[in-house]
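Shown next, in structure tokens, is the structure this report addresses.
Labels for the chains are A, B, C and D, by order of writing; each one numbers its residues from 1.
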């Protein structure tokens, strides 16, 4: 058998693929659980590594083992990423799924670091892989809650986008106004419009660093107005999300219409709101 | 034909007016879409121009083209404003509409700048014209959401006004009290009542710049109280807006099924969830 | 007629009393409206006076007229307070009512200032008298909204008190913990427990002045925890107030049971929940 | 009778145990009330003692009485803790109950201080014992409200945990990104990743100390984004808690009228609002 045939055989070995799939993508078997635990530990260790490395005053003899460890982690994650593609029944779907992209981004940093020094800190993107921890501990309820939260946020995303655009326009206008008022003061920190917009955002969101503060009476008056506006309009996203969660809460979890398979029916519904079909045909008898 | 007649003819040329109206006010035709896209691009460019100009350390050879560009933009917006008035079927209504006022304010700054240096930064009011972007992309849903948000905010505006007056009275009283407590300290920044009121607003709204902070024990105690009050009463506008949005959402659900007369249907429902009847039989034809 | 008789006659002159009552307490007659407008203007002027006086760098020739004006305002408010007591049909009730106490407190400061220098700034309590402005402009709807807001806040006051006590206990414990962690650092500002508690409140309420900030790694970690706690538990008062407003909104405005006179009935109620009597006996026929 | 027998007799003296139980655990008898009041006073005094002791500039002759007082309080609380175990019908249950653990933690600090100087400030944990104050004043309603608050928070704890994990992951990623952007600036305070994560938390929660602030334009842009995110996602816990409180409130309204079986009665209702029937006929007897 030639090398090409061997490779071909390996690439189409369904039995191996399925075995790997069960270990890597699922967590019901002991091997699957073990793999997931090892993975989470590696992710957390590699993040801790990056954090510790950033501290000043580390003894110099530590740098070599740290570099080696980092290469080992990257090699492991690269290998894991390739195996995931290999054993996935639908590789394209995996690659472009949320977790597929996170997995790729979590692997790249060290490779990018050959060209861009500093890029290797991006490996903190690995943090997002921790979301997988939920699967291991079989915390399905947690997972469900997360899904529900996302659904209600998605539903209100349009309203929130409108609110966001409004806030962006407002801070641009306020920032420019403030630049006109305070920009002529000596030693002012409102020395250009982008800085003034930054100040407007710091103030409107009630963060209030205090690195840029108004010096004139008029500037202070405008600041006070911006604060009061920010303090009041925070009510808008909160109201949006509350109402949307209230709606979501009235819906049956994951129940699909037997005719059109669509979900999102309210608790008191008898007929499907999309196709008019009976939702619980058996109960009706 | 004399000049006066020509002008008269031009001013009453209904065919031209209608053609221009379709291009400028609507966005269903290719020409209308193109006009809107050009307009938005001009608005964003003119804002960016103002922002870049405010940066220090720009090479001096840039100032002449910048001034020219600014005049061009203003000329374009002035021409657009006049055309809008000209082709509008009801010019007075347009001039005093929300967008009419914004369009005027967005055109004036450079003219005002002849008298008031600095006034030209007001052209950032143009930012508010971006709201029109929604129309181009036919994001009617977004637009609807914005309308609904405004409706529920308008409904709660009286409650919010009462809350505002209460906050203004409270910060005035607290600011004066703090001036009495801290104003006698050497090097205090509570050196007059307006400054103390400014501090009270900064604290109450949880912005907390830290440019003015209490130095005495009594001052710190009062600050702590103001913070706790501010932290708690932020619940009031939030509660107002939430309830008002909930009402708005329930009003929407006030639509009754033509068959069983029951209400409580969701926006995306096609069939009645109680009896399975079509909700909007006429639209279906 | 002797002096004593005259005084007696004056004190029991019901016609005069009623005439004054209509002018001072009501605002339906032209005289009543005029009196209210004059009163509000005086209140705002006397507050502005106190604010302007606190500014440094005022020309010295201004101080004499300012003192005179202040005495005039105090004389006017004192006279008004005495007249209110005189013409009130039930003086005791007025004196101990909300507005009665505010009126007294707004009159006292200048008298107190003979003993306590600085006390005269307390005249800003007059600000609270502005609440009366609502009556003049006949903004009954505003007034009603304020009443409803108060009712729903009162209803949730017990829950909010529990929350407050919890927050006070929490910041005491966190402040002490922080004092243990940071108090041993050189040049620390966590130099005693009250200061540390003040810091805990500044942080928990997300005000964040930055006048006291942690220096050690452990201190920063604890700060981060306190911030996250503060950021999350702000949801509690908001939730309380939202629910309580939602309840309030379901109730009929100001409708009283014809039998027991109690209010607070829900819109869908047929019988009084307190006494079981029919709420709308006429409709039932 | 030997010592061992005496001890044995004492340990099984049910009459004494019950007498002590009524005094210590209950507050219906005069002795029980007195004990509770003494306890609360001791708790508050011992906390004040710790706070006063932490102040600088106390006269040195005060230190001896302070130490004595502290030992007396600790002795009292130790004795109280042992008595509680002794007279409790189910000692194990008491020891591992919420109050049992708080009572133990409130007693330990001075003992720990022999080994760890500074540990004695932990006696502020005693603050949590104040929660018992509610029992004395028979504020059962308050207590109920607290219970209800806790119930609705517990119900939403899973959703809040998901939100928390998400926030932790987000600030880790943002902190690292910021370290990459700002870490190379001279004199930057983003000198390591933990500090940058601390900054991300300070910013995201809208605390905004201002001890660490971005210096570069890119850093300011990222800060502005983080602020806007923080300003918006604060809506999530608020929405969660609001919905959960609304559920709790509706559950309360799930009580059905014994006559017409309809639900939706308010807490303070005596009669059914639909049919006028008594809601709790048995209590009325």
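Some observations on this one:
What we mean here is this: a residue touches a chain if its C-beta (ideal position, glycine included) is under 8 Å from a C-beta of that chain, and two chains touch if they have at least 3 such contacts.
Keep in mind that what you see is a predicted model, and the values were worked out from it rather than measured.
Listed options A-C, B-D or A-B contain a single repeat of the A-D interface, assigned here to A-B, on the basis that more than half of the contact pairs agree by residue number.
In a homomeric contact, the two copies may use the same or different surfaces; for chain B and chain C, under half of the interface residue numbers are shared, pointing to different surfaces. The greater number of contacting C-beta pairs, out of the two interfaces C-D and B-D, is seen for C-D.
Using CA-based centroids throughout, the chain positioned farthest away from chain D is B. Remark: chain C and chain D have CA centroids separated by 30 Å (rounded to whole angstrom). Separating the CA-averaged centres of chain B and chain C is a span of 32 Å. Rounded to whole angstrom, the centroid-to-centroid distance between chain B and chain D, based on C-alpha atoms, equals 43 Å.
In chain A, the residues touching two or more other chains are 163, 194, 206-210, 230, 234, 238, 240, 242, 246. Judged by the touch criterion defined above, the protein chains are all mutually in contact, each touching every other. Across the complex, chain C is touched by residues 47, 50-51, 54-56, 118-119, 121-122, 124-125, 127-128, 130-131, 141-142, 145-146, 148-149, 152-153, 160, 163-164, 167, 194-195, 197-198, 201-202, 204-211, 230, 234, 237-238, 240-242, 244-246, 249, 264-266, 268-278 of chain D.
On the side of chain B, the complex with chain C involves touching residues 158-159, 161-163, 165, 169, 172-173, 175-177, 179-180, 183-184, 191-194, 203, 206-210, 213, 217, 220-221, 223-224, 227-228, 230-232, 234-236, 238-240, 242-243, 246-247.
Put simply, chain B touches chain D in their complex at residues 206-210, 238, 242.
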